[in-house]
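Below, chain A partners chain B and then partners chain C, in two separate complexes.
Right after this comes the complex of A and B.
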């Protein structure tokens, strides 16, 4: 399988569209950083308008940690499209070019071929996230410096001590990786149902958009299915940036407010990955390959 | 006619006594002020805890600068600090109006087991930010144990002070600053929070008084601070 994985990685990284994603991420993050560097104060004033009526905040709010949080908040909604571009093309792209049958003439099990393709798309996803971390976190830290992380939630404010932030980002990026691998698994699964790349890419994005809308709308009917939608759990990375307080309302450094929420979301995402990839393997083993 | 004379006498005596009382209170306040004025400037290190139901903030180190008569600066020693907005900073000097006030005796009370004289300070001018200031003065030690300040724009603030090593200068070891904290809301579309916060958590975060607690660890007094620090 290792040899086949190398071939798959070669195919992924030989395609110009792979680098298009990295270029798009660079441009998007660059635009956000430039905007916040030039007019960040206005953005902060807008977000803090209500809060600033009663409190004055002293310190460097627009620091690298805060910028990275804004970037992740904005970007993790759009990154699935870039992941779908590759993952949803893994099987359908081969079918479109008519190379799938040739691939299966190799003396390898269908399961190992499918798994090699999926692992290649996972590696691409992880590299994309590492690139986001380099651009969004490390470059922002370099440009904007570091300080405490000041976050406005819908009904409360969290100030995370500078020394307590970095491990939270490590956790958040690991969780985001899990969420994005789920997207890759969905795209990969859908790529079995078409013989061109566009269909599965559009289908992946459509599923994500519909599920995100269902996750966002606060309607009792949808509330029943929300816990089972992977899109509801994709944003749980934010839980890393909320900590517990004791009875005297003193922050407990190094704690997470709802660790059970993170475990539950990770489990739901894990189950989705297993379901999508398991179904893909099962389908591929049964499928009569004609293209 | 006799009754009118008696009433006039009574009113005169009452007026005279309240005027004397006001003068006594003015003297008491001036004594406290004089004690505080021994400190021309100071720098203090401390630890600040912001206790507002809807703010989760770590305890942070602060540095406080004061220069007589009214220059005051609280600086977090690194990090971000949140303080209630308003003209009244967490500052002992701001409790006593500098000039133009009338001091009225409002009886005796106790603060933390210490007997205190309650004095209400009313400003002469109408336009000032402070409308009313109530001081709880420990007459024996000439220390302000508590103050309640009502401002025109920023509501009412309460300050409790505990003294230790620096009591002779009128400088507290611990300041507890209470204020009414208004809740705030941000649309979930901005914060991208899809799920509802627990009702119990929400209730816990509502309708409580906000408090800022500063524990001073060391004062450096009368070193001749530069004005540049306060800019």
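Right after this comes the complex of A and C.
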């Protein structure tokens, strides 16, 4: 299994397509950082427009932590496509190339082959998120410096102390990793039903788009299924930036307002991963290889 | 490592059936391959050859029937059996973005071998690709890919080699190279080889035993010598007017010997000693004959069998 995983990783990182995702992430983050570096003050004024008459803010709103939050909000919508490029190609790509049949004539169990491929997709996903963290968080901290994190929620403002921010980002990135692994599992599952890469990649994105729409629309019928849709829970990483307050309405350092929400979302995402991968293994063990 | 229960009988297939919905691709097929055989697997397109080969390689699950290889049940000892099998299935597809060396190394590891540089280069030397070892496969010709596919099939030194249409897309030199390689594998390296091909004359030159199937069923199985009756031949007749000659034959005592026309030429199955009398009969009828050619090849035999299904069974030694 370990050797097979090494082989799968070797194949993934030998393909030029793999590096497209890293290049795309670098370009996207670079553009956002450049824009905020050049015109950041105007952006901050625009963001603060509603609050300008209520209170004034000392310090740097446009600091590295804030930039990273903006990047995460924008990027986590697009990253699923980059993940689908690899995960949804794992089986269908091999079927398309004709290598799947050679692979399956080797003395390896089908379960081991599927699991090695899935774990390789997960490692790719995690590396992509680490790259986002390096570019989005660490590079932004280097360029824009650090200060308290100023966030606007729908009906209130959150100011997270500088000393209390970093671990929240660690938690948010871990949760985002879980959400993206769910996307990888979906793409991986769909890759069993096609013999070309395009179909499963498009299908993965279509499922995410449809489920996101269902998760977002506030219609009673959809509200019934929302708690079971993985897209509803993919944005729960934001909960790491909400904290509890004491009786004096002061932030409790190191607290999270709704930790149960994070646990529930993580559980739903975990169940989806198990279902997608379990189904993939079950299907693959029974599948006749006709390609 | 698998210990062979049966060195004599390498593959034994009993009552093998595969159904895809309402289509029966392989129907109650039974055959056996013995140690050292070059076993030619023949059949028209859609006859069930590839489906059978894929069942031997566990790519397709049989609907019913048994397969034992090296004396062990394929279902129960899949991993151990596959360690001793090398296969090329139709096209020799490999990872095009990797080099020949990388492909070989990768598949050697998957076959349970820890490959050394020398071992891999020797293997590439054997299939004539040592000088292109580090070039990516996307720059290779079809023949080179095919040779690499065979190198991959042999890298773990298997006892049984299964080649499904190994000469597909090759030029005459490539076909001759594959033929020579199969002969080396069989005669010098003492491997057992199962080879399917639509190039029947190629099979004729290398196979020690032959199985012909049609619509998933066995038509005949036996050695080349057993399948061809030396006294039986097919006469290929080239004439000015086919209809007149056919009428002449149909009204003669050889009416039942008439075979379906091929490439616009009249075919007649005859005993060798009847050819002079047949020739005299045609000449006496006054038809213009351009040529009479006695054919005796596997291709003729194959077409005769698959068209008329005249034989069903196994020749005995």
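Here, the second predicted complex is superposed on the first by the 291 of 291 C-alpha atoms of A that agree within 3 Å, B and C clash if a C-alpha of one lies under 4 Å from a C-alpha of the other, contacts with A are read in each partner's own complex, and residues count from 1 in each chain.
The rule we apply is simple: a residue touches a chain if its C-beta (ideal position, glycine included) is under 8 Å from a C-beta of that chain, and two chains touch if they have at least 3 such contacts.
None of these values were measured; they are calculated from a predicted model.
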Clash or fit, chain B versus chain C on superposed chain A: fit
First, second, both or neither for A:148, with chain B first and chain C second: first
First, second, both or neither for A:157, with chain B first and chain C second: first
Touched partner set for A:102, first chain B, second chain C, both or neither: second
Touched partner set for A:54, first chain B, second chain C, both or neither: first
Which partner, chain B or chain C, touches more chain A residues: B
Which of chain B and chain C A:246 touches, first, second, both or neither: neither
Contacts of A:235 with chain B and chain C, given as first, second, both or neither: first
Where chain B and chain C come nearest after superposition, their Cα distance in Å: 41
Common ground on chain A, meaning residues reached by chain C in one complex and by chain B in the other: none
Residues of chain B that touch chain A when the two form their complex: 49, 51-60, 74-76, 78-85, 181-188, 190-197, 202, 205
In the complex with chain C, residue positions of chain A that touch it: 3-4, 7, 10-11, 14-16, 97-99, 101-109, 286, 288-290
Complex contacts: residues of chain A adjacent to chain B: 47, 50-61, 73, 77, 147-148, 150, 152-162, 164, 215-216, 218, 226, 232, 235, 238, 242-243, 245, 248-251, 253
Chain C residues within the chain A interface of the complex: 54, 57-61, 78-80, 82-83, 85, 87, 89-91, 93-98, 102, 106-107, 109-112, 149, 152
